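Heads up, there are several structures right after this.
Next come two complexes, and both contain chain A; in the first it sits with chain B, in the second with chain C.
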Partner chain A sequence: MSKVGPLGEGLSVSAGVQADSSAVSAGPRARSLSGDGPESPRGALAGVRAGVRLLRSEIGLTFRRPRNLALLGVLAVVPLVIGVAIRAAGDGADSFVGQVAGNGLVLTFAAFFVMLPLVLPLAVGVVAGDSIAGEAGLGTLRYLLTAPAGRTRLLALKYANVVVFAVAACALVAVSALVTGLVLFPVGPVTLLSGSTIPLAEGLLRIGLVALYAAAGMAALGALALAISTLTETSIGAIATTLVLVVVAQVLQAIPQLAVIEPYLLTSWWAGFDGALRDPVATDQMGQGLLVFAAYIVVCGSIAWARFTSRDITA
Partner chain B sequence: MPKRARAVRWGVPIAAIAVVAGAVGAGPVIAAVQGDPVLPERTAQQLLADVGTRWKSGELPPMSGTIIETASLGVPGLSALTGEATGPVALLAGSHQVKIWYGSDSQIRLALPSHMSEHDLIVNGDQTWWWDSAANTATRIKTPPMPSEPALPPAVITPQEAAERALAAADHDTAVSVGNDATVAGRAAYELVLAPRAATSLVKDIRVAIDGETLIPLRVQVYAKGAAEPAFEVGFDSVTFSRPAPENFEFTPPAGAKVQDGEMPALDQDRAALREHAEDGELKTVGSGWTSVVVLPFATADLAEGEKQGHGPGLAVGAMADGVLKAAEPVSGAWGNGRLIRTKLVSALLTDDGRLIAGAVTPEVLYEAAGRK
Partner chain C sequence: MTTTIDAAGDAMTASPAGGPAIVTRGLTKRFRGGQIAVDHLDLTVPRGAVFGFLGPNGSGKTTTIRMLLGLVTPTSGSSSILGAASPVQALTRVGALVEGPAFYPYLSGAANLRRFDAADPSADPRTVGRRVAEALDRVGLAAAAKKRYRAYSLGMRQRLAIAATLLGPRELLVLDEPTNGLDPQGTREVRNLIKDVAAGGTTVFVSSHLLAEVEQMCTHIGVMSTGRLVAEGTLTELRSASVPRIRVETPDSSLAAAALTAFGLTNIIPAPGEVSAELGDALPERVTAALVREGIAVRGLQVVHPTLEDVFVHLTGEGFDVEA
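The block that comes next holds the complex of A and B.
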């Protein structure tokens, strides 16, 4: 089969091929790709509708893949393991994690504390690293590009899918930890790091804040992984590169002599979620973290866009 | 795809990186473009007098802000510590953040945040609490720290206290002048420069930035000789002059926390030891002003002992001392033999006959003091 031109955004492909959804869904992973071309009278509205449909089908595929389900399963189990371990070990209320024994809500913070450095990035890195390279490796990327969506929109949809997964992953950790905490431990007003106590409802609000901040951090990692994913055709390569970068960044972070570069590392800002556990909330620290995440998303996103829209798709 | 079109596409990420780099570097650039702020001129004497009257007239205005403390004292063997220690001991190296809420002399809160833990000092009326979230311990401090007395370890002093101390040191041996106006925490400030006249001092100068409007010290920088960057700096990163919310000064030990009575945990041992030494006549100072040198009996064995019984901060101090001692260089002279620890600001001599001689001076001054016995 001939190459699809790099600038094929719905121009080089004839409308006849686009309309024939059975032809484009011949790949191993069936999707609904039918839709009107951007030039048709109903173009704009239909384009949006097609985009939504494509995103929905992407999300459906992501959450149906056994590998991704296994990853989500691990994310749900880790808080449970932490909770059971603390329950079994008895109360050592000397540290923050130890306070879990006295208040189940604290388990959520402990879970993020434990999982943000590696477990959550692993799950998000796999899904995001696979998003473009995986399609290229399977040979399905070509077929996707015959859709009228256009490369820019396709990339945006892929990233939206990654963000949805990141949010779902963080929400799952929060919910799993919350349920485990409710079942295994007493629940009551939450003691913050600053020593002040907030009522249960506000505690739940802070849990939401922590989960959202973590999701933003994971979305930034997703942008990085997506950029790497556009550079290769082997998904395992993109996934491994992402995770190696995460680990290397955290090693660099641990070297005191390199403290100068720490503010520029994505990983060092993930830990900033503890700002939600202070009184008053450390908005300056968390706001700065969100800015860093946004910067990573803009830079990595634009790299992914430049690469994806200018490269020759051969597989 | 034509080469040009491809180049244009790659221009987008390059532009994005440029924008981000610009945003990161914008602060210093904007400051450089704007130049130094212009404040009505004041001589050093006028400035000192104005500040003096301001302090005499009573309380500071209510405010809240973030203080950044940066120490690069260049203590050999200390850098290994920065990653591990938390709390006041960690302030000896690296950069740290202290948040301050100041309502009045009887309403002060200081918070030292670190990852997943926090130390808080809360003064409210006649109640003073020291909260350590890592140890889940609230300490009711019996003697509330007096504002006139340096109550915190030197590393956690507020700009006010630091400036007060620097001004107290201003004597006949100090050249006091007003430097270029500076911008600190976005506010125009006078800069008072205190330079020691003694050639043997390791301190080049101490610069105190004083807010042009409220005359409150916003930053203190200590420059060592031959260094472009300050060896020690404590100053506001952001500050607002409005009354902090009253709940900042309320503290009730949370349920499940250990509550104990005591003095500042990081201080009581050191203070007691110092007092003891001074009473025994063991602690001596030689010289005066910038070149004064402290002589006190000191045995390496003490350290090892402290390490064994110590836990928490004690252990960190032990580990720190261990690293520093290993990096000390052996020296000898007419005064005897010993080991010399040189940092940018402080030299310390450990003589083999069990004395510790230290000061912000060149080693020659220490040798002289060692020979005096």
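The block that comes next holds the complex of A and C.
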């Protein structure tokens, strides 16, 4: 093995070259970023434009993906099925759902009542749970980050996309229920839960209020699912965990002995949308719900951020 | 290295456009199991170089690349690309192919490229159509631009990943095993593409376990073995670091061996019908004359330069020996 000697010498030569070039690199300061830097107004505007472009790309991806379209399809069909079922079964005006037969507008409230515990969380949980873990699983996350999308920026835009989807999902439920209700049932002034009656126009306004409150609740769930999504590289794991948490929370909620933890559960505030069906609107109840949603968004968002900005991307 | 990490980091951030494209100082990654993937790596890739990052599988090449690109946080040490303080600041000027292609299966090739272009905050959306078309054309995928990625063959996927690195003007290309899954023709095309890109002034950092490939296109080479850099230099340096041997074809091999010893050559290996020795600085014609003077029947004489492969196997083999 006498070849080792001369080879070793060759290597020490190259090590010398290396030391030299690192000394050379200690030259003048790097080019200034001023002008187009993130601090200048022009740079900030360009940054916002670029953010909007990536968000549009996210939204386009979400709403073009066959799986998500199927989910939205289900969201649109469920109110239709409820409407047809009530129409077929005839009246039963004593129950809340039964009121639908007398007034098509009530179908919207009935749809949210039926879909908020599980169907809407399923759709939002799938999209939000997939948001980071899905990219990691595909391997596209490493290419987004080397593009470079920026970790905090990507996470923020991913969450913005989840919020857009949550709003779209709730709007879709509202519109589908409204159209079904208008087609299948008579429409008129709405009798509220508190017994008083409001005119049709205000009824429509209340529907908007319900949809927005539901969207806020789903946005909070989306933050939770996003945080879980940063913990794994398999989207199905993140989605399943989210949905299991939703179900478990509602089971706990149903146990009277555990009433003490109920206010801390995200799911127990979703039903608060019925505050919009009282006269006057139960702003305290709904406001408290919105505060809980905001708290969930802040806490889960922080967890997601802490995890995602420090994580090694090895997939 | 006498420089501390801080001092090295300072030198890196201060690097002007003419500084090295890649600098690492004491770069180390220890994974959670305690296993060291990269061990105190000091690497310098000069601007304009085509740097071949060689090493057997599992020698730490991909982990190094992930650290360079900011995907993995080093356990200790530092790295810098294009003189930027953090990878994110430089990445917009870097095209990267890391551990094979990864795209959205339900999108077309062109739509996939648009997606990644949208993630780059400095990319101009007005020119994206032209840039995507050009990148696809450069890798020969123009005809498959509208086809879904799901339907792409392995070679097409690899080409698309290379196209993604060419979406914008790049100062540095980081290509991790770029010819994986390509047929010989595709391999040659990629090699030509790299030469082409390098001719335009772009620094290319290409990892490979295929010597022949690196030998044909690289100006500089770094050899990794079990997480350490065991050799770094220009191709010429590495080649000249290896010692040529003289091989004599003769029926009198034992006599010839004695004559070569007498001449002062070392590491003599006699074999039936031939004998070889380390030539060192000796002139082959002198050796021939000496053999002839001794009356040895010389039927053939050859000076053998070790191939880069010999060097590579020698180095990485040596690494394992040292480790054991």
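Please note the rule applied: the second predicted complex is superposed on the first by the 270 of 315 C-alpha atoms of A that agree within 3 Å, B and C clash if a C-alpha of one lies under 4 Å from a C-alpha of the other, contacts with A are read in each partner's own complex, and residues count from 1 in each chain.
Just so it is clear, a contact is a pair of C-beta atoms (placed from the backbone, for glycine too) under 8 Å apart; a residue touches a chain by one contact, two chains touch by 3 or more.
Here the structure is a predicted model, which is why all the values come from computation and not from measurement.
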Could you say whether A:282 touches chain B, chain C, both of them, or neither, answering first, second, both or neither? first
Quick check on the superposed pair: does A:102 touch chain B, chain C, both, or neither? Answer first, second, both or neither. first
Please work out whether A:259 is in contact with chain B alone, chain C alone, both, or neither, and reply first, second, both or neither. first
By the touch definition at the top of the document, which applies to A:313: first (chain B), second (chain C), both, or neither? second
Tell me the contact category for A:197 with respect to chain B and chain C: first, second, both or neither. first
Touch check for A:145: first (chain B), second (chain C), both, or neither? second
A:298 in the overlay: touching chain B, chain C, both, or neither? Say first, second, both or neither. first
Chain A contact check, chain B vs chain C, more residues touched by chain C
Chain A residues touched by both chain B and chain C? 6-7, 310, 312
Please output the residues of chain B touching chain A within their complex, sorted ascending. 1, 5-6, 9-10, 12-13, 15-17, 19-20, 23, 66, 79-83, 93-95, 111, 113, 115-118, 120, 129, 131, 133-136, 138, 238, 245, 247-248, 250-257
Touching chain B in the complex, chain A uses residues 5-7, 93-96, 98-99, 102, 113, 188-189, 191, 193-197, 254-257, 259, 271, 274, 277-280, 282, 284-285, 295, 298-299, 302-303, 305-306, 309-310, 312
Across the complex, what residues on chain C touch chain A? 1, 3, 8, 10-20, 23, 25, 42-44, 46, 66, 69-73, 83-85, 87-88, 91-92, 94, 96, 98-107, 114-123, 125, 164, 230-234, 237-238, 240-243, 266-267, 278, 306, 311, 314-315, 318
The chain A residues in contact with chain C across the complex are 2-4, 6-7, 9-11, 13-15, 17-19, 21-31, 46-47, 49-51, 53-54, 56-57, 61, 64-66, 138-140, 142-150, 153-154, 310, 312-314
